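First chain A sits with chain B, and in the next complex the same chain sits with chain C.
Moving on, here comes the complex of A and B:
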C-alpha cells in the first residue's frame, strides 16, 4: 500500500529525491543524533503533561491521563501549495454557508435538483426548527475543521467538512509551541508562517457575528458540556486564550428571550455563544428533554435574534456523509465556479447500481456509515478479514441508505518516528476555517494527524493516531 | 466574573485551609497524647480533636470509640467524612478543575500534584509516617497559598479566594475555642492546676502560635492571654480579629470594584468593629462560651451573605 502513496518528503517512498520544502529538514534529520531526538521526545511528552493537555479524565475517581502521541518531525507545505488549499477551503466553506442558508430558506437547490429532497427532509440532521429562521449575518458555519488528504503532488481531496463542533485546534497551537521550545534552531533556518494568532482571529470572527444592536461591546462566551467532556481541556484552553468566560449550562439562563450569564455582579447579557455542545443537548425544551447540559429557552432566544450560536443549529446536515457526495454540485451551484478541492469519488449505496458495485468490490473499498464519525462504523476493505467483510455486507444489504463507499485512498505519507527509526506514515490535515461577517480567516496550517501504525490509514486519535506540527513555509526555505 | 467561578475559587480556598487546620489539629493531638497519662487530665483528647476539626455526631455513627487509630482514620482519610484531609484535597481539586481558567498554572500544579500524590500514601502508617504525612499536607497548602499569593492577578478572583480562606480560618479558630473554652476559664487554673499547661499549649499548636504567643506577651502561658491572642490580637494571622480585618479589606475592594456595597460588607464591618472595641476581661465577664457561640453564628451568617450576594 505504501508503494502507491505520495510521500511528502521523497515524492515516492524510498526515492532518493527530496522535495524542496523538505530539503533542509532532511539535512536536520541526518545531522541530529538519535540520542538528541530521544531526549527531545521525552521533553515534548513532559511538556504536554505539565501543561495539562492530558487531563481528559473520564469519570470521577479516575486519573486516566490520555496523551495523544506527538511526532516531532513537522509536516511541511510550500506557500504555493497552501495558497491553493486556502482558496479551495474558502470556496468550499462559502458554498457550505450558502447551502445551509438555502435549505433552511428558499430551498432553491432542491428545486433545481442539485440535492434530492428526501435526503434532506428525511435526515435527522435537518432541523425543522431552523426553517425560515434568520440567523445573524446569515452565517451558519463559523468554525469549520475541514479534513483534507493529499494523494498526489497536486491532488487534494476533502474527506469530511466537519461543520458542527470541530475540535483539535488546541493541538495545532500547542504543537507549534512545543516545537519552538524544543527546536528553536529549526525556526531560525525555516520561515514558518505563525499560527499563534488563531485565538485573535477566532475572537474577531465571533465578535463580527454578534446580533446587531446598540453600542456596547459584544459579550462572547464559550459553552462547554463540562469538565467530564473529553475535549474539556481544549475548551478551557481556548476560553483562556480568547479571554472569554468558559460557561456551563447552569451559568446561563434565559429571560424574555434574552440570554444572561450569572456573574458576581448579577446577570450579564450574552451576545455570542461559541458552543461546544451538540444540537441535541443544547436546549432541553427544543431538543432532547433529558439533557442536563443544555440551557432551557436558548433556542427561543436564538430564534428571536437575541443571541448568536456558533456554529448555528442544524449545520450537521451539511457535513452529513450522504450530503457530502453532492458537494461538487453544491459548490458549482452556489459559487458558479468549478470546485478547487475535489471530493473523494463516492458510491451511494442508496442507488441500486452503486450498491451492487459496492457489494461486489468490498475488498477494495472503504465503507462508511452515513451517521458514523471518529473512524468508527467503518470497513477498510483491504485490511479486513473475510468474516468482517461478510458481516459488513449483511449490514449494508439491511439498510443500504445508511452507507457510502469510497476507493481506498492512498493518503500521502510523511517521515515519522517509529520504533525502527524514521519511516513514512500516512497523514491527513485539518485546517480551521473561520467565517465572520467581515471575512473568512484561516491561519496557515492546521492539525496534521498521523496514523502511527505502519500501513494504517486511520488517523483518529481514538484509534492510535498521533499529531504533528504543520508548517507553511513562507517564501521557500 | 462568573458567579460559579467565584464560588469554586472561594471553596477551593476554604477546603485547602480546612485541610491545613485538620492536619494541625491531628499534629497537636498526637503530641498531647504522647505525654504520660498523668499530664493529660480527665478529658479524651481524641474526642475533642474530632469535635473541633469535624463532626462528633458523624464520628460516633462510624466508630465505637475515639482513640488514635479511629480518629486518625476519620480525620485524615475517611471518605465518609466530608472534612477529612483526603476529602478536603479532593474537593479542592475538583473545584479547581472546574475553574481552571481562573487559576494560575502554579496553583493548578500544586493542587493537582497533591491530588495525584495523595493516592500514593498507604493509610496504614506508623506514627512517624503519619507525622510525615501531616507535614506533607501542611506543605501542600503552603505551596498552593504561596502560588496564589505570588502568581494571581489582584482582581476580584483573588479577593474571593481571600474571603474563602478568611471565613474558613475564623470558623476553625472559633471551633477550637468552642470545644476548649472550659480549659481557658479562670477557675480551671485551680481545678486542673498546672496540668492544663499542656492542654493550653495544644491549643496554641493547633493555630501554629506557640512562638507568636511568647513574642506578643513575653510571659508564661496564661489561659486568658491565649484567648486574647486567638480572639482579639490583630497581628496574629489566625485570630478572629485578623480574619475579620482581611474580610473587611477584601469585601471593600470588591464593593469598590463593582461600585456597590451590600449586606456582606455591612456584616463584616459590624463584626470587626465589635472585635476592635472588645476587651478580653469583658468577654470573660459576659461568658467566653456565649461569645464564641455567638461569633460562630455571625460568621456563618457572613458566609451565607457572601454566597447570596455574589456566588449564586
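Moving on, here comes the complex of A and C:
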C-alpha cells in the first residue's frame, strides 16, 4: 500500500516526469542491463561481507549479526535542497545545545514556561549530576544524527534528533566507497559532493572541544562497550579513520581526577573521549554500580573539567519524545528565529484531550513510546491488525504519559531494487551534525535508510531496513 | 542529645586488590536539629582522601589507595548534637529541584500492588501530612523486619511482595508509594540510637522524607514507626539507597570480598542526655 507520497525521482508516484537531479540517473537505470545490475549487487554484497560491516540485532534468535541490505540506486538531493537542510540542521542543533546548557544551568526556558518542568525533572534522562556542571566550551551535543523525512517537494520534517550516541555514519562512508568502486563512471558524469572528509571533520570537532590547557595536541580516544555491542564495527572503523585509539573501559583509569590511557609507553593523559557507551554504564561509581563497561571515577574527572565527553552526559533528555514535541518553541526561544525544519505534529497522550483523540484514531496514527528508539515499541496504525491495535490501546490506557502519537507521514519514496524490478520505496535521511567550539560541520548528505518492504514506513535497520548512498549534486545536475 | 558514633566498614578481599577507589557518603551536615561537633574519616590504608559534595549536597569523600590492599577498614567517627524538631528538616543544603523527587528509580518503582496499597493511605481530606503518617504506619505493618530474605539490590516491589525486609526496604516501599500519590519523597541514610539502647549494630540506618506543603521536608522512619527524633543522625539523601549509599567502591582484582560493619551509636559522655538521666 503506497499512500500518496512524494517521489524523489518522479515527483508524484507513477508520473512520467523526472526531476532534474535524477535526469541522468534515470538514463543510467534504463541503459544498464539487468545482468550488470545483478553482478554489481553481488559485488556490493561481497564488499560488505569482506569488510565485515555487520549489525547485531537484539532479540534475533537466528543470527546475532547480519548485513544491512544495500541498494545501489543513490538517493539524490540538489545543492539548493541541501543548502536549505543544512541551514535548518544548524539552527536546530544550535538550539539543542542552548537548551541543554539552559536546563543544566539557569533553567530560563523552564521559568518562561517553554517546556513544563515536570517533564524535565521527572525524566531519568535528566541527569541531576550535571546540574551546574560547566562542560568544556558549553557544548553538549557534539555529534547529532538527526532523522529527517521528506513529505513534499519543500517539506522536510525532523523525526528525531538523536543526541546521545547516534550510529550509522560508517554506512554513509562505506556506501560511498562501494558506489565509487562499482560505478566509477557515475562519478565522472555527476558532480557528487564528497563525504570522505567526515573523519577529518569529526577529529577537528573533537579536538576543538578539549578542555583548555597547555600547548600539546589534544589526545582523543574512542570508548567502546566492546565487541558485543551492535555498533562495534562502526567503533573500530571510526577509530581507524580518525587515527585515534579504540579503548575499552579497562584501557582507561582515573587518578586524581585525571583520565589516563594505559599504553606500552606508560600512562597517557586523555583529553577527549568520543564515547559510544550510554550514560548509565559509563562510570559504576556514579551510575549503574553493576556496570563492568565503565571507568570508575570518570564522572568526577569530567566534573572537575579535566576531560571532555562527547557527547556530554545527560543529552538523552532531548531525545525524549515528549520533550521533542516542544522543539519548535525551543528553537524560537533560543535562536529568536522561526524553525526552518518542521516538527511532526504530535499528540501527547499525557494530556487528556490528546489521549482520547489518540485512542479514537489509533488506526490512522503512529504511536511511539516516549523513551523508545530503533523502531521498537511502536504502532503503525494503518499497517496494524485489529488485535495489535487493541493491545496497544490497553498499553496506552495503562500509562498514557509513556506515549506520543503522530499522523502517519507519507515519507518520500525513492526508486529501489525489489524482487519485481525497480520500485518506489520509502526513505528517510540521517545527516550527521558536528558541533565544535569553532564551527558546526556537516558533510553533505548523510545516511539514507530505505524500508525495503513494499509500503513499509519503518526504515530502521533493526526492522529490516536497508541503506543507500546519498548524493548532494553540486551545480544543479 | 549528644551522640557519639563510631562506624567501621571493613572489606576483606580474597587476594590483594588494586586501584581501589571508594566514594564515601559518611559525613553528616548541619541543619536545624543537628549540629556536627566533630567528625573525621579514617581510611585504614595508604592513599589519598579528597572531599567535596555531590548534586544532592551530600558531603562526599573519595578515597583512592596507592598500593594493593587485601584488608581495608574505613572508619567514620565523631559526635553530633541533636535536638527535637519533630522530624522537620530545615536549613539543610538543597540542590535538587523538588520535582525531581517524584521520579521513580529501579528500586523505588511502584508496581500494581504498591499502587493499590498507596491509594488506601490517602487522607480523606487530601492533606499530605496525615497521608504520610498513614503510609508510615501501613508500611510498618506490611513489612516485618527480617535481615535474611533481602539484599541491597532488592526492589520496593520485591520487598513488598515478600512482606519482609530491612530499613532500606521499608524506606523504598514508603518512597515508591508516596511518589505514586504525587508526594515528592527521598531516601535518607544515617544513624540511630536504637530504642533498645546501645548495641553493636551491623548496618547503618535508613528512613525516608516526604515533602509537605508549607512545612518542607519531613522525615518518616517506617522501621521504628516514628518521625526522626534526637536519636537519629541524618547523613546523606538520594532518590534511592544506591545514591545515598555510605560507600560505593571499585577495584581491580581481589577476587571475592566480605564486608563487615561495626557501628556504635551512644550518648556522648557528659552530654545533655546523660545529665537528664
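Before moving on, here are some points about what is shown:
Convention: the second predicted complex is superposed on the first by the 464 of 477 C-alpha atoms of A that agree within 3 Å, B and C clash if a C-alpha of one lies under 4 Å from a C-alpha of the other, contacts with A are read in each partner's own complex, and residues count from 1 in each chain.
We adopt the following convention: contacts are C-beta pairs under 8 Å (C-beta built on N, C-alpha and C of every residue); 3 or more make two chains touch, one makes a residue touch a chain.
Everything numeric here is computed off the predicted structure, so don't read it as measured data.
In the three-chain model built by superposing on chain A, chain B and chain C fit together without any clash. When both complexes are overlaid on chain A, the residue A:36 reaches neither chain B nor chain C.
Judged by the touch definition given at the top, the superposed model places A:197 against neither chain B nor chain C.
Using the contact criterion defined above for the overlaid structures, shared-chain residue A:189 touches neither chain B nor chain C, since it reaches no partner.
After overlaying the two complexes on the shared chain, residue contacts for A:462 are found with neither chain B nor chain C.
Of the two partner chains, chain C is the only one that A:253 touches; chain B does not reach it.
Contact with chain B, but none with chain C, is seen for A:240 once the two complexes are overlaid on the shared chain. Angle at the C-alpha centre of chain A formed with the centres of chain B and chain C, after superposition on chain A: 80°, rounded to the nearest 10.
When the shared chain is aligned, chain C comes close enough to touch A:300, but chain B does not. When both complexes are overlaid on chain A, the residue A:227 reaches chain B alone and has no touch with chain C. Superposition on the common chain places the nearest Cα atoms of chain B and chain C 12 Å from each other.
On chain A, the surface touched by chain B in one complex and the surface touched by chain C in the other have no residue in common.
Across the complex, chain A is touched by residues 19, 21, 23, 48, 54-56, 62, 64, 95-97, 99-100, 102-103, 105, 242, 248-250 of chain C. If you check the complex, the residues on chain A that touch chain C are 117-118, 121-124, 126, 128-129, 131, 253-256, 284-285, 289, 296-297, 300. Residues 50-52, 55, 63, 226-227, 236, 239-240, 245-248, 250-251, 261-265 of chain A touch chain B in their complex.
Only residues 1-6, 97-98, 100-101, 105, 108-109, 112, 115-116, 119, 156, 160, 254, 258, 260, 310-312 of chain B touch chain A when the two sit together in their complex.
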